[in-house]
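Alright, structures below, take your time with them.
The two complexes that follow have chain A in common; it is paired with chain B in the first and with chain C in the second.
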Partner chain A sequence: MPNIEDYEAMTKISLSEDERAVVSDYMDMLLDSFNKLEDTDVSGVEPLISVLDVKGPMRDDLVIKTISREELLSNAPEQHDGYFQVPRTVD
Partner chain B sequence: MGLFIEDYKVSGADTVALEDSIMQKGKQVTAGSRILDNFTSPFNATVVDRLLDGGFKISGRTVMDEFGLLKLSRDDDNTPSGALRAVSEGISAYALCNDLFGRYRGEAPKNDCCYIHPTYGTVSRYGLIPLASSMDQIGIVCKDLSQGFKLLSHLAGKDPKDGAMFPDSSYNYGTTDEKITLGVPRSVVEKADEGTREAIMDFIKEFSSTDINLEYFDLYNQVMYILSSAEISSNLSRYDGIKFGYRASGYTNIDDLYIKTRSEGFGLDAKLTAIMGAMILSKDQYGPYYEKAMKIRRLIKESVKFDTYKVIVLPCRISDDPYENLALYSLAPLAGLPSVSFSYKGHGIQLVAGVKKENLLLSTWEVSMA
Partner chain C sequence: MKYETVMGLEVHVELATKSKLFCACSTEFGSDINENVCPVCAGMPGTSLMVNKKAVELAIAAGLLTNSEISPRITFDKKNYFYPDLPSGYQLTQLYSPICKNGWVEIETDAGKKKINLVQIHLEEDAGKLIHDDWTDTTLIDFNRAAVPLIEIVTRPDFRSAEEVVAFLEKLRSLLSFADVSDCKMQEGSMRCDLNLSVREKGTEKLGTRTEIKNMNSLKAIAAAIAYESQRHIDALETGDEVLIQETRRWDDSIGATFSMRDKEDATDYRVFPNPDIMPVFIDDEWIDAVGSNLPETAQDKFIRLTQGLGLPEYDSEIITRSKNLSNIFDETLKHFNNPKEVANWIIVELLSIAKGDNKGEDDVRIDCRKFAKLIELVDGRTINRNVGKKILSLILEEGIDPVEYAEKNKLGMINDTSLITSTIQEVLSENPKALEEYRGGSKKVHGFFVGQIMRKLGGKANPQIVNKLLVEALKEI
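After this line comes the complex of A and B, so read on.
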């Protein structure tokens, strides 16, 4: 069983004790169900990443106006001088 | 709980409700999550623009489970989701939503509604809050499939803003003269309750049919969960409290800001999915889980050939366990196929056809309703 705290750290989520108990139970159930995959031989099979056989479209590299800086920043929890504001990241 | 987050108080045959995962310019859009608290959409989803261009009216924004995630708990709450109620109660003629895990496809028949899950890559996802990007697909709740497909004709067609689409600029859905042969996976149908089994047997009498074996069916829900949680976990990483949405207060540094924001902003299902996805994508588990599931996804897609049969018939429920039921709703998203679900003699039936074979689904439904 993987260490759940490691994955909490990885996903920047801190579970309460109650949540950890519930998540842990579901993880056990899910991982147990995943064992069924072992019986299937996939040698020589390529992973299917997209169901579409269509080649990714290309477009001209043009500068186009989409959303203004003001509109984007209007959703920011905190902003300062036209930038997203974050706590100090470098000491 | 009400069914509308915002009710625009319009009614009529041309009204469409939007699940709260579909962006609408100037409106608060939260996908049912606190993490998107106070988020105002700066643009319209392509489907919203196409609705408005087609003369449809938006009736409101409906409540939803957080991000439309799979709820693993055996929920005693049988209240239908907002989008379903909006249509079943006659408040809106249609509703648009993203049904990845089968909630709407399962609920629609029980509430005298139908659901259309179009072929992946035919309806633009631009402006849909992403869940599992390789499977996300906006679908339609409606009272009548022939009307629902008329609406779909307005929505479907290539959008340069969505990079994963077929090149067809438009689709004109209708019935077809193509011969319909139903494929009936007996081993799956046998898992349904007696009433549903009888309804399916009655349903197939109207058509020529053949027994089929849905290879890998026992792995559908595992593959679906593994791939979707990996993609969802990745998509949830954007919610960090910096650029938009909820930001916790009282943080001490940047890391603390991320952790408090995500721990307070996400509900339990989002936390479980993010953690499962991170585990599945981690160095040790990537090969046995993620890569293997992607390979089995190919086997699943290639196993449904639509050669001796053209339409697969499935029940809408085989268990009280949501995880087991997920298998019923995995084929369409995993293989990018269209499906419809509806009530037949009081029981839920689901039909799945080949890529861009929506017309076969509509024809099958029309024959059964005649």
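After this line comes the complex of A and C, so read on.
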């Protein structure tokens, strides 16, 4: 079972000690709820992915341009020469 | 002590669809930065994803070509990871219901034929491209490639040598490119492969410590990486100087070595779960049969057609069926000039040597097949000679000229006029007394020199057979 620091690492969110205590409590509540499922016998039951077990619609392979690059980048906090720009991910 | 290398592959192949896996953005390679991105593949909240039918069909085709079982119902799963190459924070892939299972591909090496078993083939989306920019000291992201459809082909650890790995990848490339599933270009990244490798004592069952190698961009690099990594494992087992650990390593082609890729936070947990936003896709037998019956000719079928049907030598057929592009050029040219042997010759001898000079591979040669056919016909019908033909071929490739018009306009027609050729021969002989002296002295080499001089005077257009014949006669009389 991962501890709170593992979750911080996976989501790249740093918490203060106070926040950790609060989040930890919530996580315990969540996990307790889910753990109740462990008591249920699900042998032979297929996982349910969609309640609508009908044929999902598919697209034909057509190209449609919906937004311009300017629109796309307009939400980006940082951009550079048409690229999204983020803090360097490797040394 | 005798060692054995045990390997398995994960091959990623970009599918040849026009649009992305879940949205209508273009998949074109080499577009402007972030030009082919929409709210769906940019991971905006509230967007609706719809599966590209063609991508599913190409994955079914890949399954049929590799003798796989096709799953009747497929779903997509979220593989969660926090990295900026995918804007949604997860990759859509198929952990729980891969589209194809339990296939196999037969390969042939010097050691004979062998079956390579496949665990599965699954559909997934590609990631965007990251550029780590030294100038701004930031990471720059181009999402054009994000959500381009891929299949990942996972083999069992059935490989024992680099030859087998290379033979498998060549076979896969042939199968998939001939069926138009993918263009399988390793240099453009439309076919990429990761390798799992371990070494054990020959005759033992237990597998050794496994390393995964990434970043090999050519068959040559793969063979070199296998040689390097096997030796690294053997050295570690022999000397005990290094303890092997299960890890991912990156091949550096310029140095010729693998390097550990472990980062500080290796506790990756992808928390894969089914994506409830994408409805299951059902694949019935009718659909599978339709895909199967529309599959184009495989390289193997084509080889048989070329050798047995058209009577081409195995050598020629082998070269032409090695590349989907060459074999398309062959078929298309043959439609306009029905002489298989000549068309094959012109492709293998002339077209490929020009391509090689231009640093182009077999897959990158492009030619107007109608013009190519006309040119071959001009040479075959002795309207122009072969050397003139070669020059015209270069001009077709460079400038797109029409060979018939060009030959007429520049009066390149072959000179068959025996009296003109005879008088030119006499001219050349009288202008070169020294060479003639050498000929009399028994030097046969000067024959070629005379031919060259005569051809030069006639603008390279003389019929070489007639020149040869008349020159031999003229020299006899001297």
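A few points about this structure:
Convention: the second predicted complex is superposed on the first by the 82 of 91 C-alpha atoms of A that agree within 3 Å, B and C clash if a C-alpha of one lies under 4 Å from a C-alpha of the other, contacts with A are read in each partner's own complex, and residues count from 1 in each chain.
Keep in mind that, in the parts below, contacts are C-beta pairs under 8 Å (C-beta built on N, C-alpha and C of every residue); 3 or more make two chains touch, one makes a residue touch a chain.
Given the structure is predicted, the values throughout are model-derived calculations rather than measurements.
Of the two partner chains placed by the overlay, chain B and chain C both lie in contact with A:Leu72. Once chain A of one complex is fitted onto chain A of the other, the partner contacts of A:Met27 are limited to chain B, with no touch recorded for chain C. By the touch criterion stated above, A:Ile64 is placed in contact with chain C alone, chain B being left untouched.
In the overlay built on the shared chain, the residue A:Val86 is in contact with chain B and with chain C. Residue contacts after overlaying the shared chain place A:Val45 against chain B, while chain C stays out of touching range. Shared-chain residue A:Glu19: touches chain B; no touch with chain C. Contacts of A:Met10 after superposition: both chain B and chain C are touched. Of the two partner chains, both chain B and chain C are touched by A:Val54. Overlaid on A, the two complexes show chain B and chain C touching the same residues of chain A, namely 2, 10-12, 47, 49-50, 52, 54, 56-57, 59, 67, 72, 78, 84, 86-89. Taken together, the chain B residues at the contact with chain A in this complex read 38-40, 42-43, 72, 120-121, 134, 160, 163-167, 216, 218-219, 221-223, 225-226, 233, 236-237, 240-247, 251-255, 257-260, 262-263, 266, 268, 271-272, 274-276, 278-279, 282, 285, 288-289, 291-299, 301, 323, 334-336.
Chain A makes touch with chain C in their complex at residues 2, 6, 9-12, 47, 49-50, 52-67, 69, 72-73, 78, 80-90. If you check the complex, the residues on chain A that touch chain B are 2, 4, 7-8, 10-15, 19, 22-23, 26-27, 29-30, 33-34, 36-38, 40, 42, 45-52, 54, 56-57, 59, 67, 71-72, 74-78, 84, 86-89. Chain C meets chain A in the complex at residues 17-19, 24-26, 32-39, 42, 50-56, 75, 80, 82-84, 96, 130-133, 136-143, 265, 267, 269, 271, 274, 276, 278-282.
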